[in-house]
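Here chain A shows up in two complexes: once beside chain B, once beside chain C.
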Partner chain A sequence: MSYHDVAGLSPSHAADSRVLPLRADRVALALLILVAYAVLPFVGNDYVFSAILVPFLVLSLAGLGLNLLTGYAGQLSLGSAAFMAVGAFGAYNCMLRNPGLPLFLSFALAGLFAAAVGVLFGLPSLRIKGFYLIVSTLAAQFFVQWLLTRVSWFSNDNASGVITAPPLLVLGHDFSSPVGRYLLSLTVTLGLTWLARNLVHSQTGRRFMAVRDMDTAAAVLGIPILRTKLLAFAISSFYCGVAGALWAFAYLGTVEPHGFDLKRSFQVLFIIIIGGLGSVSGAFLGAAFIVLLPVAMDNVAVRFFAGVIDPGHLENAQKLLFGSLIIFLLIKEPQGLARLFQRLKERVRAWPLEP
Partner chain B sequence: MDTILTLRKLTPGLLTLAMACNGGASAAKEQAAPAVPAAPAETTTTINAATDVKPSGGEQYFPLQSYRVGPYAAGGTGYFGGFIDYMQLINARDGGVNGVKLTWSECETEYVVERGVECYERLKKGLNGAPPAAFNPLSVGIAYALIDRATTDKNPIITINHGRTDSTDGRVFPYIFPLQLNPYSEVSAIVNYIAERGGGLEKLKGKKIVTLYHGSPYGKETIPVLDILSKKYGFEVKHIEVPHPGNEQQSQWLEIKRFKPEWVILRGWGVMNPVAIKTAAKTGFPVDHVIGNIWSNSEEDVAPAGSVGKGYISITTHPAGRDFPVLQQIDQYVLQKGKGNMEDPKRVGSVYYNLGVINGILNVEAVRKAQSKFGQKPLSGEEVRWGFENLDIGEARLKELGALGLLQQIKLSCEDHEGGGRVRFQQWDGQKWGVISDWIAADRALLRPIIEASAAKYAAEKKITPRDCAAEAKL
Partner chain C sequence: MAFFIEVLTGGLLAGLMYTLVAIGFVLIYKASGVFNFAQGSMVLFAALTFVSIVERGVHSAAAFAITLVTMLVLGALIERVVLRPLVNRPPITLFMATLGLSFVIEGLAQTLWGAQVHGLELGIEDVPLDVLGVSLSKFDMFASGVAAALVLVLGLLFTRTRLGLSLRAVADDQLAALAVGIDLQWIWGVVWAVAGAVGLVTGLLWGARVGVQFSLSLIVLKALPVLIIGGFNSIMGTIVGGLIVGGSEKLAEVYLGQLVGGGIENWFPYVLALVFLLWRPTGLFGTASIERL
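Moving on, here comes the complex of A and B:
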């Protein structure tokens, strides 16, 4: 009975409109953040930081960006990787051509570039709806990749079109070590998540959902459809752009346009489908599922079966298992992990009375 | 809410679509594994049973970021199979390198950069106390992503026959080794071969050459150097891109037909190669004037094209076949014991397998060289790096290794992380490759200033102070 919402019922309107109305949720989140900042940096090793936590955080952020657009505003997109690419190459060029530019400012500028591109490719959303909109965002996906490969200025005339991240300096401190990269990604991701959570509880967020649920009705209510849709594209692309910059700078350290191909867009889309459309925590749960589970499975498989089973077969077996898990999950809970988590909480609340 | 509901219903469809995108290129590469010149004795089953030798300390570890599934599995299985079989030979025949046994474990990358990075981080701490000697990811993308990490961790990255061209300059890239042949040398050697066929470099003037390249960083890498060579020798060059994956090339080959070049250089990858050969034949371009580069030179690249592939020429740093003493010893000590790594024993001696074997030779020789300075014990990555930089394999040593004619003479230094720069040319006779040229050298003196300029630019961008090789040599 430790998890109960009656005790947390709020006495005033101000308290009621908090981002996390339940006290237990707030405490849990505070504990989680405390662990992420004060415990993990001391107990983790290079492998945990650079191979697990950083990609998890970056893809969560990208998923969150797409979720704002698809889950909240109802606009389908397969261009997430393109916006990530704009962010990565944007941040790179900002820092290359303006020596001394602060890292966070270049990330913000990268996000703004991506937002501009997002608005441009979001324009058709006024006329095109649903699945047909995928085609227009798909155009962004192919166009951006083509442009970055074609125009060598973007990669500073590198012969093979690959960019390399400069040293990560924030206020004179070097964040290039694995733990530094982790803290950098964590801070950016948390900050933007806090903004997103506030956004979806604001008037803008409610407008997004009104447009998603029925745009004719939303228009009748006086919601400017074009502006709302373009704003959703801009914000979503901003998030993806920052995620792309983190992907290049904090995670891999070097990227080529090919690293942001259609596969990556699908990956981000699956993160929110599996995690839960229209939910902030869904992006994190989905990223955990898509990023962490295969790594965990591989570690277990190699530990127990290496040398016994042919490595190729072992890999294929993992793919089978992972695929089956996805299908099982989507049958059990089509609304994703976030909904599953929600149901679990409801069960816990009623636990001793209703099993 | 309608779109969202439809999206959920369509999720399985989207998943299938994505999988088709991922695996599309796999078919052509994996289907064909043609026979290699008859083996001395055909081995029976060769499932890689217990290749992961249990270490007990006093061992040198080779972390293998292998790929055995996905679109490039044909390359991965052949290369890592050859590499593992050579290490098994060293353990079985010599009891390791000067008594230090070799050990290894695999981590599947699927040729995907993120997985390669994850594998690097997982494997870099060694295996049960055995320190890692060098990483061999056989992927340009993964190698690029490892440059910073490996330099910080002091682990050599070996990118045999590929990789970042300017990493040849070891002063700026202390831990990266594009062994034997970097992309610029490769193109230079092809141009020299074309000149030789036409009667000398001065005869290149006025000739027309087309490069048909894969639309990726790898494909684009050699455009600038070809332009430089065309200015120098006065031939005309046209670059034509084939978008990934390259299973439709009708328009490109019609353009080639209009341009009427003497030679076409094929910078292909995966499924693009057999399609290029087939389309060349279909549009009436003589296949024996198509020269495949280092990633268009395996049996798996030409066999799927069928009979029209006959006459196709490609570059290689090593011939296919099993007639070399080292391969016969692998057969004797490893394959006949039923320990071979190849699932399909017919692929032993193929281009990819032999690449794995020579890569094994170079890695093991580097460890041996490093042991001569640091002692006969398991060595750190930094010490093995010294071994690579002081690698000097001459003809006498090649004979001892049983690899004369298979591996070229190679000498590396602190400044030069490539070392070889020679290739041979081979021609497909419909069944197998036959070597048709002697060793042809790249014009490395011409390329060196370009490489140094590129490395200097990288150093400026990354704020790296180049090493002082002369001072290090005195230590």
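Moving on, here comes the complex of A and C:
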């Protein structure tokens, strides 16, 4: 595989505005998707599917949603988990109250519910700026969690507010097995990622970035600030909502509102900090990191320090490592793993002409 | 009516406990423009260190001194390791760095001192006092006194001293402050150390109230609405914000909570803060920012 091209210049406007300008990137991505669909389902085991791949895909999707809002449109949010909860409970109620509703349609509706809630809590963003805005998203976080726990209608009058996923039927096929849930998450995540990648290359995406960089300047240029910000909240919450529905249906099977607490919001935020603010691939790199690091640390602890480190210590060690890593990355590479990856690619492209 | 007044005053006093936490935030925000999410973990760290030292048989005055020195060192260390490399970066980056910092401090505190719950006795009895026919908690009165004293001292520091002037200059514009010869690193070190000391006071009072445990770090979330209503960079604002949040929170819980099934104290202050923000986008006493191209 070669990354060589003519000095990185495109011969036409159409070629310049392609979603993936490099042919090598397109080939690599196609290969990756091929492996994900045609190889992994046959070689992976249930543990890999349900403990690593599914949470990785779902968290990537949530990270992507938050990245559209925070990384591209510059609106800090600490309420991602609330929008995920709206999606999860929305999809559950859709399917419960409309038997026979197609799964994907209920996911889409769940996303729309989340988008509506997102717009509601995004409304103050026109008047409130910067850090003051986190009060709005935190209000969403606490209010949604309280509402879902308090109003038992949402969980079909379950005493502890727990919802259980219905069988995952798509066109008559049951996707409830670990492989099936992996394929389901993969398809939804890939579809939405493709849309997001197009979105950030479109006029809307450029408006997001203009608002992020300086909203006063963007307003002077004639960009409708309120509409752009609300659109960012809506799209971001839609992604989080679908991710929440997948989290409940494809990953956990049963969830309660408490599963979407502030910690989850922080987890999603860390994904985009580590992966890279304002990049689509960053959400995936960050999610891979967040899912794999605890697994790796558990393995190391079991293999080398069995009996020496108890789980409490391990959790503290994880916190220490995570925190230090975030600080280190912010200092050394504020654009995260995605930027490191890009630099690596650039070096490969320039090789052997530049060292 | 007597019940109403009792609920209200109880809430107002509890609100001043939030003020204590909020002061730590304002201090750092005023001097560096950083929204320090790690303040809660600093409170936890301070309280846990103090209790653990006392439990090892050290006199409480000595333990206080040791913890104070620890917090001062911690503050200076944070400046050196975390903030200095991040000079002149966007505020959102600094905020996220403090998020990471809060993880580090929490992990460190619990690795050093363990995760069990400790009781903390300050020698102030929590007995109801009868003031003009309203019974008030003696402990809460003491805590409010401490909060008021802290606000007064820090308010004077910021407005009446040369150090306060340089702190405000740094908050206004880091580069300009550097250009006129203000020692940025020294200023930041001082502020973080003082914030650590405020964290110690907060940790002792809150620890005596609810026990020294992990949930102590979550009082950040209680202080945030206070901070936002008062304005990020107003020390006076923390008192007013604390009173508003504390009073209305208790009243809402007692009178409104019955109607909707209770448990509303988690989100009520945030919705309240949101309403205040829609009216005044930088809080009651926050400085309005001027936007230029």
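Here, the second predicted complex is superposed on the first by the 322 of 355 C-alpha atoms of A that agree within 3 Å, B and C clash if a C-alpha of one lies under 4 Å from a C-alpha of the other, contacts with A are read in each partner's own complex, and residues count from 1 in each chain.
Note that a contact is a pair of C-beta atoms (placed from the backbone, for glycine too) under 8 Å apart; a residue touches a chain by one contact, two chains touch by 3 or more.
As the structure is a computational prediction, the values presented were derived from the model and not from experiment.
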{"item": "First, second, both or neither for A:46, with chain B first and chain C second", "value": "first"}
{"item": "Which of chain B and chain C A:131 touches, first, second, both or neither", "value": "both"}
{"item": "Partner chain in contact with A:325 - chain B first, chain C second, else both or neither", "value": "second"}
{"item": "Touched partner set for A:122, first chain B, second chain C, both or neither", "value": "neither"}
{"item": "First (chain B), second (chain C), both or neither touched by A:65", "value": "neither"}
{"item": "First (chain B), second (chain C), both or neither touched by A:269", "value": "both"}
{"item": "Partner chain in contact with A:298 - chain B first, chain C second, else both or neither", "value": "first"}
{"item": "Larger contact residue set on chain A - chain B or chain C", "value": "B"}
{"item": "Touching partner for A:76 - first (chain B), second (chain C), both, neither", "value": "both"}
{"item": "First, second, both or neither for A:205, with chain B first and chain C second", "value": "neither"}
{"item": "Residues of chain A at both interfaces, chain B in one complex, chain C in the other", "value": "76, 129-131, 149, 262, 266, 269-270, 273, 312, 316, 319, 326-327, 330, 334"}
{"item": "Contacting residues of chain A [partner chain B, same complex]", "value": "46-47, 50-52, 55, 70-71, 74, 76, 96, 129-131, 149, 156, 159-162, 164-167, 176, 212-213, 251-254, 256-259, 262-263, 266, 269-270, 273, 277-278, 295, 298-299, 302, 306-307, 310-312, 314-316, 319, 326-327, 330, 334-335"}
{"item": "Chain B residues within the chain A interface of the complex", "value": "1-4, 6-8, 10-12, 14-15, 17-18, 21-22, 47-52, 66, 68-69, 73, 77, 105-108, 110, 113-114, 117-118, 120-122, 124-125, 140-141, 144-145, 147-149, 164-165, 215-218, 220-224, 244, 343, 454, 458, 461-463"}
{"item": "Chain C-touching residues of chain A, taken from the complex the two chains share", "value": "76, 124, 127-132, 134-136, 138-139, 142-143, 145-146, 149-150, 214, 216-217, 220, 262, 266, 269-270, 273, 312-313, 316-320, 322-327, 330-331, 334"}
{"item": "Contact set on chain C toward chain A in their complex", "value": "35, 81-82, 85-86, 89, 91-93, 95-97, 99-108, 110-111, 115, 221, 224-225, 228, 232, 260-261, 263-264, 266-267, 270-271, 273-274, 277-278, 281-283, 291-293"}
